[in-house]
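After this come two complexes, each holding subunit A, first together with subunit B and then together with subunit C.
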Partner chain A sequence: MAKIIVVTSGKGGVGKTTSAAAIATGLALRGNKTVVIDFDVGLRNLDLIMGCERRVVYDLVNVIQGEAGLKQAMIRDKRSENLHILPASQTRDKDALTLEGVEKVLMDLSEEFDYIICDSPAGIERGAQLALYFADEAVVVTNPEVSSVRDSDRILGLLSSKSRRAEQGREPIKEHLLVTRYNPNRVDDGDMLNLDDIREILAIDLVGLIPESEAVLRASNQGVPVIHDDKSDAGQAYADTVSRLMGEDVPLRFQSVQKRGLIARMFGGGGRR
Partner chain B sequence: MRLLDFLKGERKKSASVAKERLQIIVAHQRGHRGQPDYMPMLEQELLAVIRRYVKVDQDAINISLDSDNDCSVLELNVTLPNEGEAAKS
Partner chain C sequence: MSLNRDRADTAFTFKGGMLPMTVMELASGDPERIRAQLAGKVSQAPAFFQHTPVVLSVEQIDEPHLALERICAVCRAHKLLPVAVRGGSDPVKQSAWALGLGWFPPQEIRPRAVEMRPAESRLVEASVEAEAELPVPEAAAHAGGRIHRGTVRSGQQISASEGDLVVIGAVNPGAEVLAAGSVHVYGPLRGRALAGIHGDREAGIFCHDLNAELLSVAGTYKRLEDIDPKMLGCSVQVRLKEDQLRISALT
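Here is the complex of A and B:
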């Protein structure tokens, strides 16, 4: 049985697709059979971030409507044979997905894979609800910014009431906080919410902290998930995140400014990088 | 940083304003969690009825549903404006 993990946020553009691609790739690199599904029907992006846009033939909607089989629609990643991508449709609208159809796809994939990563669309409407409905765990992607934190809290409300686990009264979805686009410089200046404040407000376990990083744009330009860039801060931060998802206890990095000024050094003590 | 701010008598940092606002918003959102889907509509309609008689603010109304084993209580709290203001409306 696969573990189903939804990457969700409420607010758009906070880094769900970037994170879903990095996490799926990281899990596969660690030897897990992994499939990552784009639920953003009509506005697919995951194929670009994964660098497989030219190999898309069929998509999730085709599979659900019986126009193609799962095997035909799934794309094998060029770099890792453990990793498959199931793209979203570019032309249909969100109503093309049905709860029963999604359930069937997830059940079939469950037999073959260790992890199923669902890249949710933005919002709290139907598309986002379908992406999270069957999840066992959720990665709630949050930026250090008021509207993102508020929307994350709304998503937490959905996870605990509008999911299959909630409706069946089973053990609740395991919720993980992933803070992305964190800028320690601005935190130090008092102009960005700090990690502890976000954790205190949302009150769920932290699974990772991804700094604002130039490596992310570079990675998406090239269609290579940023976790492959193991020299970069964001790549390393995602690798740590994957370890934590797999149950390992790794120390938190990238929380404070790496180079510190004279005054900060005198008063602030030695910071971790 | 902190010491410097202290010496300069710095204004409140924007991040701490953000935190305070979020704490209030999230507490409010969580208060509504797990309630029936009709509650927001009910709240709006009750507010509209009350506003026909008294001038109250959007957030002057607060409803909640508490359920015990065999009975549910719908609690409605409305903060009315003081005498002088109410008479004007």
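Here is the complex of A and C:
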């Protein structure tokens, strides 16, 4: 049976899709058979981040409505043969997803894969609720700002009440906090919330801290998940995150201001170390 | 016509109001059984039966016809004044109107088990309730209150429709905790807390680490920006004194 992990946040633009792509890729690179599903029907993005937008034929909605088989709709990643992508439909809306349909897709995928990563849409409506409903674990992506923290708090409430595990009274969804776009300089200046404040309010385990990095934008635009850029700070931070998700104990990096040498400052280097 | 009419012109004005009201939740439609039970209650809490207005809730009774007139007579004989009926079939609604009573639609069924209190315990105040023989649901305190363990998160609302609410954990921004009695938060209070929601002016709010978005006791409230900044982050109690919320440190 696969482990189903939802990547969610409530708020939009905090890095859900970037994180889902990086985590799925990282798990696959470690030898796990992994599939990442885009639940953002109507605002399909995951295919772009994964760099497979030209190979999309069928999508999640086609599979749910019986117009295509799972094998036809899944796209194998070019860089890792353990990784598959199930894209969302761009022409439909979230009402095209049904609870039964999503359940069947997840059950079928469960037999073949080790990890199923569900990339949730923003918001707390139907799309987001379907993405989290069947989850075993949740990665709650949060930026160091008050509105993001509040929305994450709201999603944590839904995870504990509106999921299948909650409704069946089973062991609750395992919740992980992933803080993204963290800039220690701006934390020191008081522009950003610091990590301890976020952790105090959300009160869940921290699975990763991703520094604000030029590498992320570059990776998105190139369609290569940032975790492949193992020279970059963000790539390394996602690799640490994947290790922790797999149960390893890895020390936290990138929390305080990095002193950059003269050479690095002269040549920029986009957050590479 | 002027919008600002002289006060002397108007014989009355309509105003919305939320009044505390006792709901008599009937488990049986048999007037004799009600009479027998009321007789026992009067001896336990005579102060309660002073022409107290009550709403007869018949939602639990699954019968199309009820001896509403006789039930009302029994109530009046025990100095309870039925003012309205809640729930019931169409004939029940018609006979309520015929008796000059109001009719309310059935209450929305809420999934929270703790709020589904046994029929009888709604009837009389804590003194009588404390010895109620009915089993109290788990996680409910003795006086009909409620204990919540864990963080109350943004968008969540935890309420105790009777008695006190105790939260063991944090109340986060955007969350709301309400109680007919007092609200106790053993943790940071960063959301909204409303005590005495049915008008109990003796209720209070007690918390560690005050950072509440809103504090309210019996409808009198203070917003975060009205709270003395010196009190923020402190362990405090909030009481209603002379129509003002008084916040004092718990030492």
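Basically, the second predicted complex is superposed on the first by the 259 of 273 C-alpha atoms of A that agree within 3 Å, B and C clash if a C-alpha of one lies under 4 Å from a C-alpha of the other, contacts with A are read in each partner's own complex, and residues count from 1 in each chain.
Please note the rule applied: a contact is a pair of C-beta atoms (placed from the backbone, for glycine too) under 8 Å apart; a residue touches a chain by one contact, two chains touch by 3 or more.
As the structure is a computational prediction, the values presented were derived from the model and not from experiment.
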Side-by-side fit of subunit B and subunit C on subunit A, or clash: clash
Contacts of A:Met107 with subunit B and subunit C, given as first, second, both or neither: neither
First, second, both or neither for A:Arg154, with subunit B first and subunit C second: both
Which superposed partner A:Val57 touches (first subunit B, second subunit C, both, neither): neither
Which superposed partner A:Asp188 touches (first subunit B, second subunit C, both, neither): first
Touching partner for A:Val250 - first (subunit B), second (subunit C), both, neither: neither
Partner chain(s) touched by A:Leu99 [first = subunit B, second = subunit C, both, neither]: neither
Partner chain(s) touched by A:Asp197 [first = subunit B, second = subunit C, both, neither]: first
When the two complexes are fitted on chain A, the stretch of subunit C hitting subunit B, from 42-50, 78-86, 168-176 or 222-230: 168-176
Subunit A positions touched by subunit B in one structure and by subunit C in the second: 146, 150, 153-154, 157, 160-161, 201
Residue ranges of subunit C touching subunit A (in the complex, touch as defined): 151, 153-156, 170, 172-175, 190
Sites on subunit B touched by subunit A in the complex: 1-5, 13-16, 18-19, 21-23, 25-26, 29-30, 33-34
Residues of subunit A defined as touching subunit B within the complex: 145-146, 149-150, 153-154, 157, 160-161, 187-194, 197, 201-202, 263-264, 267-268
Subunit C-facing residues of subunit A, complex: 124, 146, 150-151, 153-154, 156-158, 160-161, 201, 203
